[in-house]
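A single structure is presented below for examination.
Each chain gets a letter, A, B, C, D and E, in the order it is written, and its residues are counted from 1.
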Amino acid sequence: MSDFIALLPLLLLTLGSLALTLVVAFYRQHRLTLLATVFPLLLCLEMIPIAATVTPHQVSPLLIIDQYALFYTGLILAAALAVALLGYGYLQGLGDQPEEFYMLLLLATLGATVLAASNHFISLFLGLEILSVSLFALLAYPRHFRPSLEAGVKYLILSGASSAMLLFGIALIYAEMGTLEFGHLSTLLNRGEISSNVFFLAGLVFIISGLSFKLSWVPFHLWTPDVYQGAPAPVTAFLTTVSKGAVFALLLRFFIQVEGDNHHLLTVILSLIAWLSILVGNLLALLQNNIKRILAYSSIAHLGYLLVALLASGSLGMEAVMFYWVVYFIMNLGAFGVVTVLSSPAQEKQNLEDYQGLFWHRPALAGMFTFTLLSLAGIPLTAGFIGKFYIFTASVEAALWPLLFTLIIGSTLGLFYYLRIIIALYRLPTAEIERVYPSTLPLTSSLMLALLALLLVWWGVYPEPLMQFIQTVAMTLL
Amino acid sequence: MISIPIEHGLYLAAALFLLGLMGVLVRRNLIFMLMSLEIMLNATGLAFIVAGARWGEAEGQIFFMLILTLAAAEAAIGLALILLIYRHFGTLDADRISEMRG
Amino acid sequence: MKTVLASLFNILGILGTLLTLTALLIWIERRLLGFWQDRYGPNRVGPFGILQVVADVIKLFTKEDWIPPFADKGVFILAPTVVVITALLAFAVIPITPDIGIIDLNIGLLFFLAMSSLAVYSVVLGGWASNNKYSLMGSLRAAAQMLSYEVFMGLSLMGVVMLAGSFNLREIVAAQQGLWFCIPQFLGLVVFLIAGIAEAHRLPFDLPEAENELVAGFHTEYSGMKFGLFFVGEYLAILLISAMIVTLFFGGWRGPWLPPLVWFFIKLSFFAFFFILLRAALPRPRYDQLMAYGWKLMLPLTLLNLVVTGAVVLTIEGT
Amino acid sequence: MSLMQSTEFWPFVLYAGIVLALVAGILGLSYILGQRHGEKATGEPFESGIVPVDFARLRFSAKFYLVAVLFVIFDMEAVFIFAWAVAFRETGWIGYGGALTFIAILVVALIYEWRVGALDWQPQERKRQTSRQL
Amino acid sequence: MILIWLLVILIVGGVGAWVAERQHPLWSRIIALLALGINFLLVAALWLSQANPFAIAGQGAWLVELDWPWIAHFGIRFHLALDGLSLLLVLLACFLGLMAVVASWTEIQYRVGFFHFNLLWVLTGVIGVFMALDLFLFFFFWEVMLVPMYFLIAIWGHERRLPAAFKFFIFTHSSGLMLLVAILVLVWTHYQHTGVLTFDYFDLLGASLDPNTAFWIALGFFIAFTVKLPAVPLHSWLPDAHTQASTGGSVILAGVLLKTGAYGLLRFVVPLFPATAFDYSPVIMLLGVIGILYGAVLAFAQQDVKRLIAYSSISHMGFVLLGVFAWNPVALQGAVMQMLAHGISVAALFMVAGALQERLHTRDMGRMGGLWSKAPRLAAISLFFAVAALGLPGLANFMGEFLVLLGTYQVSIAFTAAAALGLILSVVYALIMVQKTLHGEAEEQRRFADFSTGDMAAMGAMIFILFWLGLYPQPVFDMAHPALEGLQQWVMEPPRQN
């Protein structure tokens, strides 16, 4: 019985996506579809506290429902909710069949939640692939537009290759260790005799490479800008938050279980990746003129920051990771949310010129965007600052000086391109811009953006409650 | 039954995997890239079968079935996408459909 | 323990019998059709025209071995062989009597399914390699039809597998000691029967080669013995499906008084004749009806069959 | 009644070899025995006597792709049911529940495809009546 | 509670000014004036409410304090307090804020509400910096200043405003990150020694650090503050930012923002790391002297009047650096006085420059000239502030520079001499400015408006203050004294005499 209680969010999400499928099959209507998407998501969010009463709970060897998993589940569900609400207006511009988008969205969310709760390679694989396969379709969803198709097929092939790498790594580890359970793996590792084995290490490297791809860490980042640019804006929002968040949650759990900080090779590789991601992400972002590409590179850099927090390990590192994820979700949903509400599938507003003088037309929207960008840059009064502060603190505690130094350089470089966007927002508008903005925003999108902005401020000024909460969650993981 | 050392199986899988990887990296035709992808996935499937055989557990085979499913799903979506791409771009050359630059 | 000699005898016997039966079946079909349609059928060559088939074979062998210059030669030659080879190989797992049978695979059923899946290639490759519009259309139709019906052909047999608890055809026959599976798995039988006809693209499901729209469908460009192989393959498929039905649903060789081999042949003949009767009696459906029939009726029925079978078995056995 | 418990593999290999040889023999024989012609229209594709237009590589309906994709997906699903079917006595009611869920999901997908029209092959399919207000 | 009100009034005022623009731009200006005025009066009242406002000594350094829990997880508290030093600087900030509003009255005609919003929020950050006693909170306000200031430059600045704003932001933010890391290392070292996780100023004052760590932490603090100050190698953002900002922006930037750097040095660098500070004080004082001379020489070479003033700022802030690291009562008083005097005079100079630019549409001194004939009031006031800037005895600037030199003399004669040379140079550039703008032939014969009464009132207030500080500085000394004394008690060893 407690199995069921623990699984409630996941089960309801599954049921919800089935129900949504039927709804779409019988009453094809956009607004109704949105409702049928939002309702199960809200319901699942409601279930999280109930599921939390039985944590930690291992459901079969595959899934573990603990506070950590529920934390990410909540985050993912909320992000999916935001994407659905933000995407509503965007999809109205699609012309035909916007409904399946929501089905795929729910499925991808389901995959992400499975990933967050998985404690076993099989559930890892299942979650990851439910997520990825849904994403392929989501990315190419506006199927009459060439950029989407290009993005979809690029992601499909590269993501497929990375999945194969991940799988090969798992196979190697399985061949060597004879188990697919993280927990069992760690007990085997604690005996200490196998960890230097070539197959095992190769497997580990393969796994890290595969996951790095999904997290678009350098040097596995090459797909990122193109896919971000070509994908429909709400999907980009989803990709950058939910997909990466879930994979990272999994990686962190895996890292803790195999006690990654004891594997020198692993930490060296990850440090190198973090170092490269921060620098390359920030440097390449400087060269872009396309907002989605800028945000793509910025997300590479931010994932690098998160990796620094992961490497800092310890309870503070874990807290920093979780806090930063919350902030990262809000910031990126906000940023891509703005892009989403201004765009339609036929006309993605993504060039810097499209945003020139936005402030003088839509001050609230531009203000919100500014705020989000400042948060991405880590300026005080925004939650992004607290997040960065957390990471700084964690890396000071762990004495990761070179990485810390890289963080500073990265943050400074980051300013250049965030400020470029902000400047564009406040420039005097060019004449033709006025007519290309949508006349009104859908209520759902406006409310969602306002909420995101509010959260950024609230947690930027008074983060204590969130910190307390995250601390209790992090305690259960370690 | 004849028993084959586990390493041989893994080496074979690794060779296949590399073959597929090279295909993905080198080929420029989307169909071939997709096929190379399937080769990679099947190579991992083989690796799982070998590994499962070593431990005498069904997990390897279960994983193989799951991988097959993934391969099928990926092929399904991949082919649909390729079809659309052919319709819109008139080519399957990966370099020529790559229009985004930055 | 059987001796090597017995095995050899088995192999050659089965192969020879199969080929003979195929030839016989062709003759029987023409005679039966003639009978039902109130005409004679072949009656000149040999007694009752029984040597007609031999004459046909000789004719086919001496026809021009034509490979169209516009065809993909390798594939063009390969395609007709596939259908014959897969059908013949599939027979290897069928237990004809307790003593006769080529191999006792514990995944016998899966092997059969695999072979019947491969048969699709024959049609697709043949049609594609011919480089002819009729051929291509026919082969596409055939592929779509066979694929559609293949989905639930496998599933329809899972009821049998659940009852027997094995993929091994001998064990399945053994499990039918008390009760032939045609009773508890009647639905499965019906579905499998229909799927089998579609797989063999026999009338009334011969849309891929529908003469009046597609000339001869995927084998429009084939002639001589390559056409002969397609032709033989079709009759082998009839025999194969009949044999599978007998094995899976009608207790294989089981039966009172008569020896197992005789029982097996009686049952086999019954179904072979049944297929011929179907050809004579039924009209050809429209293509969209055919596809809809498969996906919208047969597949749900199959799934229902599985669910019910599972529930019933678990309830009865009380596990 | 004794079961033939031969798990030996060689008879099958032999059988397969004979089958291959047989088929090759038939083709070879027909190649040797066959006649040769070289007339004017021998090298033309058969199109009921009409001179062919265009190549045979025509673009055909996407339905065919669709059915292939559906097949791939459903056939993979079938594999899982196969696995359950052979082991369903061991897994008992729990396994049954799992399979039931699996089949239910399958059915939902099927219903969806049905409603969406993926299973319809009528050439002039009447348009779906569902409203699609934007 | 008064401390939180100081912040809240500005924050709310800022939002109010932005919103009020919809009614009429005038409302924005009035709201900004009101908010700053109320703040100014509140602080002034606080000063006057002391038992003996002009003889404050002996009461303990801290006048008001506010200590709320904030982020308990990191031991961060919302800790504000005001001592004499802070009070003077807050007062200065509010006053110059008022001046900036006045200076923008006619100049800013574009997005007036948003301008005042940014103005008030910069001042919020500045005042917060002056009051914060929690290092995290300090950093928080330190960074809060940046964004609105950035907007002030980037939106309402002159022709090359974007690069200038960029440069400003990058310099200050990246140095700010070093500050953050330094703070964190300090806090963490303290945590490892004592097991107490706190960002509180007082707790950290006594932190025991090994010299090596202390050096690196101190360096982080030092760089952040000297960028703002600015000291010579890190000054290159300043001329651009000052030149390109609008008048109001320049007033805030030069008059107030630079003081936060000096304040940081005074409040944090030396007391937290006395040993390190004094080990390196000769080097730092050398930097100060270089700044004085370098600023003066470059000011001398400018054609652009605002650029000239900007370089003169570098020169003047060099005195502050010198005074702080001389670290004796006289020098410290001098530094404080120099901060106030420079704040007022440079603000006034920028206002004059702004007025000139508004009228002549150029900042090129080569194209000015003959102001005496055209706008006598403007010219007179320009002359006054130019003279004030060059340190005419009797005015505040002289008092500040003189005290700094006096204090430095006790430490190093060589530095004193060199700094005094800077004074002479300042005479040269100030007179050149006067010469080029006021005298000579007017290029255009078209007359233009002289200072209005409102302008004159503002200018008059500043003139008054400069006179007051120059002639009767005792109240300021009294005010600052306990605070400086309090700071000095943390210094273990006196600066080396050489």
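Quick note on the criterion: contacts are C-beta pairs under 8 Å (C-beta built on N, C-alpha and C of every residue); 3 or more make two chains touch, one makes a residue touch a chain.
Which chain is which protein? Per UniProt: A = NADH-quinone oxidoreductase subunit N; B = NADH-quinone oxidoreductase subunit K; C = NADH-quinone oxidoreductase subunit H; D = NADH-quinone oxidoreductase subunit A; E = NADH-quinone oxidoreductase subunit M.
On a predicted model such as this, the values are computed, not experimentally measured, just so you know.
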{"item": "Distance in touch steps, counted as few as possible, from chain A out to chain B", "value": "1"}
{"item": "Contacts common to chain C and chain E (chain labels)", "value": "none"}
{"item": "Central chain of the complex, centres being mean CA coordinates", "value": "A"}
{"item": "Label of the chain whose CA centroid is most distant from the centroid of chain C", "value": "E"}
{"item": "Top chain pair, ranked by how many C-beta pairs fall in contact", "value": "C-D"}
{"item": "Inter-chain centre distance, chain D versus chain E - centres from mean C-alpha coordinates, in Å", "value": "81"}
{"item": "Centre-to-centre distance between chain C and chain A (centres being mean Cα positions), rounded to whole Å", "value": "53"}
{"item": "Interchain centroid distance [CA atoms averaged], chain B/chain C, Å", "value": "33"}
{"item": "Centroid distance [mean C-alpha coordinates] between chain D and chain A, Å", "value": "40"}
{"item": "Two or more partner chains touched - positions in chain E", "value": "none"}
{"item": "Contacts with 2+ other chains: residues of chain D", "value": "68, 75, 114"}
{"item": "Complete list of chain pairs which touch one another", "value": "A-B, A-D, A-E, B-D, C-D"}
{"item": "Chain D residues touching chain C - in the complex, by the definition given at the top", "value": "1-12, 14-16, 18-20, 22-24, 26-27, 29-31, 33-37, 42-43, 45-48, 52, 55-58, 60, 63-64, 67-68, 70-71, 74-75, 78, 81-82, 85-86, 88-89, 92-93, 96, 99-100, 103, 106-107, 110, 113-114, 119-123"}
{"item": "Contact set on chain C toward chain D in their complex", "value": "2, 7-8, 10-12, 14-15, 60-66, 68-70, 77, 81, 84-85, 88-89, 92, 95, 98-99, 101-104, 106, 110, 130-137, 140, 143-144, 147-148, 150-151, 154-155, 158-159, 161-162, 165-167, 170-171, 174, 215, 220-221, 224-226, 228-229, 287-288, 291-292, 295-296, 299-300, 303, 306-307, 310-311, 313-314, 317, 319"}
{"item": "Footprint of chain A on chain E - complex, ascending", "value": "70-74, 111, 136, 139-141, 143-144, 146-147, 150-151, 154-155, 162, 165-166, 169-170, 173-174, 177-178, 180-181, 184-185, 188"}
{"item": "Residues of chain A touching chain B in the complex", "value": "121-122, 125-126, 129, 133, 136-137, 140, 143-144, 146-147, 149-154, 156-157, 160-161, 163-164, 167-168, 170-172, 174-175, 178, 180, 199, 225-226, 229-230, 287-290, 293"}
{"item": "Chain A - residues contacting chain E, complex", "value": "360, 374, 379-381, 385, 389, 392-393, 396-397, 404, 408, 411-412, 415-416, 419, 423, 426, 462-464, 467-468, 471"}
